[in-house]
Every structure is written in C-alpha cells, then in structure tokens.
C-alpha cells in the first residue's frame, strides 16, 4: 500500500514551482501530517505534509521544477511496497537520474529565456496578452570560480529567481520611463498625527494614505489604470492597488482590492493584514492577484529618487522616496518643509507623457491641499 | 505600645505629613493651580495612619477617596501622589489614576470610583493570598457611609465563610457625604454587623493614635494567624467638609469645635511632649522639614511632563493598542 | 486524534485541562461543584473544593472577588449562571473589570475569565432567557467571545483562561441543553480571539451571525439556495474584538450584508456592524444592511410568544430577500 504525494494546486500558479527542500531521506519513517518537503512558487513557499504514516520515498530532487499535480513522492509501508508502486508508473514520473548529463542545458536554466506567465494576474475578465517572444540573451562573460574566495553562494531559485524573471520580462516588454515630482508632505504629515484619535485600532501610515490618494486620482485618470491585452488597451473599472512589501529575502506585492471604495481605516487594516501574511509566508493567490496599479515605497531608506519597474500586466507604478525635512520655497519664502519625491514609471505604449504628468500632478495636488486630502482620506 | 517611642514618633510624623499634604492640596485648589477636587480627611489622621501602621510592605491595602492618609501610611511617596493628582506621565498610573491612587510596589492595588465596589475585590485578594499560601493580609479601609453598599454583606460573608486573611477597618467619621450618619443608620455603630457573619469586632477611639494602631495590630495578627477576618470600627470626626467647595452648611459648629479639641495630631503631640520624646523646638523643626518635603514634591510634580497621545491608547489591553 | 463530544463536555475539558496545566487556574461560582447545567460537573472530584469554589448568590460581589484574585496573579474562571444575572454584576463588569489595567497604568492585569449562559427557547421566562451581549460591548478593556461548536468552545475557553485580559465567554443554552456535538481534537489547542469563520461560502449575500444563530443562518442559506440565492454564512465567534477583515472581505464579494443575533435590535451587535459597514465600506454595498435581532419587548412566559420573539431561519430568509 502506498499513498501518493502530489504537488498541490496553488491557485493561479500551476507551473514554475521549484522543490526547495526534501525534509527527510528516502526510506525514513514519517508520521501523518509531518512536514516532508517544501516547494516554492514565484510568490510564496508551501510546506508539504505526509498524507499518511509510513516510509517516505521521493520522486523529485531539490531544485527540480514541478507543476501542480506532479508526483512528488510516496509514503509506503516499505521499500518493497514503494518499488511495487513505482513499477506501475509512467517513465516520466519515475525519479530523474542523479545528475543531468554534462553539457546538456536545461531550457529552464537559461537565465534570460524563462518568461513568467501573467495570464492570470489581471482581473478575471482579462484575456492573456500575446506575449512577445523573449529576446535572445546577450552573451554573458563566463565567471571562473576556480581559486576565488567565496563568502556565500545564494541559490538563484524560487522567489529570488521569480523576481528576477519578472523584472526582466517587464523591462523587455514595455516602453518604460520614469517621471518625478517633488511633493510637499508637510500638511499630510500633520494630518496623519490628527488621525491617531480617529483610528485608534490601526496606525495610519503614509502608505495607507497614499493608497487612498492614488486610488482617487486613478479614477480621474483611468488610462493610468489599464492593461494591454492583445490589440486592445483594457481600462479597468476597478482599482486594485498592489502594495510592495519588502521581505528579508525578497519582495511580494499583495493587493488591496477596491481601494477607491474602502474607507481609510479599512485600507489600513487590510494592508497590515496582508503584510503580516506576507511576512509569515501565508499569502494566498487571492491576496496578490489582479492588481491594476502598484505603490512601492522606499520605506525608511535614505533614497530620494527611484525608478521603479512596472509590475506586469499593469502599466504604471509609483514609488515614494525618502520623506524628510528639506529646504523648500513655500509661499514665496525659503523654509524647511517635509518633502518627498513621487516617482511614476509608466508604459509609454499605453500612457503618453501628458496624461502621466497630469496624473502625477493630480496626486501631488491632493497631497499638498488639506482641503482635498481631507476629502479623499475618510 | 509602651516603650515604643520610635513608633509613636514615626506615626506622629506621618500624621503631620498627611495633614500638610491635604492643606497644601486645598491651598493649590484655591489658588487655581490644581484641578483635582479634594475630599479631605482632616481630623481622621489617627485612623488612616493608625490602621496602616502595623502593615507590612507585602500586605495589601484598599483605601478610600478621603484624603491621602492611608496611602501615606502605607508608604506612598508624596511626589507620586502629586504626580497622580496632577495627571502627570511619570505617576505610578502614568497619569490615568487621578484621585484613584495605586502603587503596586507598596501593594496598593487601586481605588474604585463606585464606593464599595472594592469590598469584594479585597475579599478576592485575600482569597488569593490564602490559596497561594502566602502570609499576606488584606486591609480593607472603608467609611461608614460606604458600609451601606449591598456588597458589604456578601463580602463579609465570603471572608468569614472561607476564613480569609482580611481586616475590615471602618472609619466612622460621623458624616456620610453631605449628611450626618444618623440620616443613614438606625444604629450608632456599624461594627455589630460583623456578628451576623461570626466575625470578631472591636470599636475604638479614633482620635488616639496609640489605640487605633494597637487595635489594628491585634486584628492584623488575628488575620495573619489564619483565624479569619476581623473588623475594627474607629470613632472619629471629619473636620473637613465632603469635598473642597462644600461650604458645610449642615455641620453643627459647636460639635466641630468640641471634636477639634481632640484633634488627633494635637493629642499625639501632647503625649510626645509629656513623655519627653519630643521637645517644642524639635517639633517645630519636624514640621518645617515636613512642609519643605511637601513643597518640594509639589514643585517636582508641577515640573513633570504631561502624558501625550501615545499614552491615550496604552494599557487598555495587555497587548498593543485598542479594540474599537 | 479527534473524537465527538458535546458542547458542554468541550467546556468541561477546557477547564479541566487548564487546571491541570496551571495551578493558578480555579473555578468559582454559584453551585459549580454540582453544576446546574453540567459545564463544571465532576471538576471537584479531581481538583477538590479549594479549586472548585461554591460561592454565595451575590453576582457583583463574586465578580469582585474573582477580580481581586485575578489581580493577585491567579486565573479564576468565574461562572455567572445566566447572562441575565450579569446585570447584577454590571458595576464590576463595566466600571472596574476592563478599566483596572488602564487606570493603574498597567500596574495590574486582570486575567479573569467569566462564563455565562445566554438564550431563550427553554421556556424559562423573562429573566432567565436574555442575550445581553450588546450591554457589555460598551465596556472598554473586555474581550467577548461566543462559540457555536464544541471545537470553538474548547479552543476559545482555553485561550480565555490563558489571556492576561478579562474575557467573557458566552455559552448559548441551546447548545448546552441541545446536546450539540462536534469533533474536538484530543491534543491541546487554543483559538485566537478576533477570528471569524466562514461556515458556508456563497456569492450573493453575506450573513454574519453570532453563536447559536449561525445554525439558523445556515438553515436560511439552505432554504434560499432553493430560490437560487447563494448565501455566505459567517460565524463571528468573537464579538470583541470583531474580525472586520473576514467579515468585510465577504461583503466586498457579495455587496450585501445581513446581521443575525439573538439579542434585541436596538443598539445591538448588528447596529455596530451596520455602522462599521456604512463608515468604511459604504460604496461596496449594493443594498442597505439588514439586521435580524429580537424585538424590543421582554420575553414572555408563553411558549407561543417566546417563539414569536426569537429570530429564526424564516426571519433571516426575509431579511436576505430585502437585500436583493
């Protein structure tokens, strides 16, 4: 008797899954619900548990690429039972040979050739855009490790690899340019302190406020909230705001759905919940799918200007630089104000310079006008 | 208490400190420098200081809203009291207690606003001491007015039923808020109610610090010895009105004057002088020193910072923040 | 491994296991040794009379006593037999219990669990049948949970006992007397406060229910399914704190919200949820929020009138239809 362990269906991600850990050795005794492996997608990693008690036998190796439904291993009573089981398997389901023959490059290993699938990233109605063929990779200089001092070798797999692939794909498929607007946050800074009394159960951050302000401005400039689908620009009638969350070893972009239609408190609580889930590696597909625009912030780093890379299939992203007291001219006087830089990258294929500038100007206008931001932030 | 001159002198010192603290509070109110209304216990110092005198640091005290007597008696620092009264950030309750003094280090768990609520809370702390097997005693200090709260009865009942280490100290000061005790009681004494629960009781002169101290010491020993609760009623007189600003139109002036002749501080002073424990000169120096201590504490408290918005939402729950 | 036990057994196991785990945990209340409804039955055999403490009939005083024991570091589990009786303890519950930590600036915590049984349908008449949860949600510093399954009952009660904050665990009498059964693991577990659970997924209307009303809501969902209406049923489990995320994630999906509670409608839990919905999720709503709750009348002795008073499957169905 043998119980199969298959790669689970992980929401929208059905491929580009990597085995990153096999927790036991072949033939080890395992308990039911004991962790036996870890797999990782572009976004998150998942623990795999033994479906039954018995001895574990793996049919995949660490670093193997797998897809949902693939046979990862088997829990069997004994090695004989395992061998009986494998005898009936199709050859491709049997364990791959120990090492790939030298010189035979696996297609997935081609650093520039892997394209990420974004078909299901957009809102459900979206159809997959026709992806341009990946550009051939430029020849990279060979690195000889022989005799070199190495501090650490970090696997370029899983989330790390996915981020890389995603960014490369983004830069290769869009006509991206970044425009920057210096913005006076002094009023908003004071207002944020006032809000402490109104929202005692959730600390309102700049990110919370910017999500609301951006969502409001996107309603005025809907073309910035659009996706290229085949030979059409699809302009969304909903604002799903991606909010970049930096992790210790990567980055995820969970999505605040209908950010334009929720109150500031609701947005704030949701961002906190999503960040918490992200840090605990518990984000589900529903949490990060379907964003229509992304906000990323430098956080506490001392960076003023950022040229963020668009998160496909979206067509724009806004980064907020350092927020700090700086010299400024305010009402004709030189004085110290709390300033930041709003950096908007847009895909020129979809959004021309004028609407992009107008959109960014609108965001700046709201941030600098107490009358406007009080109306938007409620 | 014969031969215990040091104790008597220490109690005298505390009584003066209590009187000066309250006089200073009254003056600051009249000068408009402090906002917290005062309920002063002028004339009752021998009770407040006498009942707390025999307590150990680990014993638990529940006090009343009337003045600072028992809190000073249990060892609270004048500065902490002013910080609390002024609502300052560095007070033991971080500006949240106000009149409701609390000092965990001295085992003063706090002061309720709904008088008599703490009758049963004190029973609970005594219950915990018994269950944990410590030899702590809880002293529940209460005015006779509050003894008409319904919870007085089940509280005495539970204390006796479970034989808890608790002393009920009833300060009968003749007034229940703005009325005389006789408007509230068909009897002259409160203490015999204890008999209904088989709790031993005693009624003592509340003006004589030696008597209040000694009666309480006996009661505390009884409780600490595992013999269950004890009730002591102290007969005294509230020379202050119910609250600062109460003109006291209902007070019989002849009676006030008569009790004034038995002011507990005056009585104790006479005893100390008579016995040669203290000279007139030493007494003056002592008083000057205590007033300076009070003034210094007031100054320090005025200079201390107020709490801010970061404190408004703190300590509602053990975790961070507030649940809206 | 899990097995099937009743709601009452789950509560009993939670207390027994926590008492075994922590010697500071003890049970007190009226008749807890015999146990009128059975939740504490048998505990006295294992833990003795010291840790299963029968109290006098005096709700406010026993709540105060439990609070005093809790502030001394013990973890009492107090039973207030009927939720109607919590009104006798309102002084402690609303004035002191949840506020003590705050007014003492965090010097004292109150790790007290209070269990109380609510609900009508037992033909017990006006003062033994009410659901008064909404009377308590105004008090700061309290947590209030209401399980609807044996699994939740055990997990939430254990979490309450381990919590450093005062927690009120509301037990529906219909679940106790109805002998409701469910799967409960043998292993130790607790459930976090403030996590609602989706009992049935649906896409058309969100029904947010409390306690026993979850079953009525599931019945309504079944009936509405026959009309082609796909109802999502959310069991709130925790009233304070409330799981706004789960609740409003569902509303975001459906755009329609019906609240269901057994307590009365005016100022109820539903009113609170509706206010939240209109304050922060207004433009996600496709229809006005509907509240299902009891009317503003007392509970009559007549079974016929009692049945008319109670919210049920049919009233929920009608409320859902009003949102379509």
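Each chain carries a letter (A, B and C) given by its place in the written order, and its residues are counted from 1.
To be clear about the criterion, a contact is a pair of C-beta atoms (placed from the backbone, for glycine too) under 8 Å apart; a residue touches a chain by one contact, two chains touch by 3 or more.
A quick note: this is a predicted structure, and the numbers were derived from the prediction, not measured.
Colleague: Count the C-beta contact pairs for B-C and for A-C, then tell me which is higher.
Modeller: Here the pair linked by more C-beta pairs in contact is B-C.
Colleague: Could you say which chain's mean Cα position falls nearest to the mean Cα position of the entire protein shown?
Modeller: When every chain is reduced to its C-alpha mean, the one closest to the whole-protein mean is C.
Colleague: Report the inter-centroid distance (CA atoms only) between subunit A and subunit B in whole Å.
Modeller: 63
Colleague: CA centre of subunit A versus CA centre of subunit C: separation in Å?
Modeller: Taking the mean C-alpha position of each chain, the two centres sit 39 Å apart.
Colleague: Of all residues in subunit A, which are in touch with two or more distinct other chains?
Modeller: Correct list: empty.
Colleague: Give the residues of subunit B that touch two or more other chains, as numbers and ranges in rising order.
Modeller: In subunit B, 322-323 touch at least two other chains.
Colleague: How about subunit B: which of its residues touch subunit A in the complex?
Modeller: Counting only subunit B, the residues touching subunit A are 309, 312-313, 321-324.
Colleague: Using the touch definition up top, name the residues of subunit C that touch subunit A in the complex.
Modeller: These residues of subunit C touch subunit A: 244-245, 248, 252, 279-284.
Colleague: Once bound in the complex, which stretches of subunit A touch subunit B?
Modeller: Listed in rising order, the residues of subunit A that touch subunit B are 193, 196-197, 200-201.
Colleague: Where on subunit C does subunit B make contact in their complex?
Modeller: It is residues 26, 50, 53, 55-56, 58, 60-74, 91-92, 95-96, 98, 100-109, 140-141, 143, 163-165, 194, 240-241 of subunit C that touch subunit B.
Colleague: What residues on subunit A touch subunit C, complex-wise?
Modeller: 257-258, 260-266, 269-270, 273
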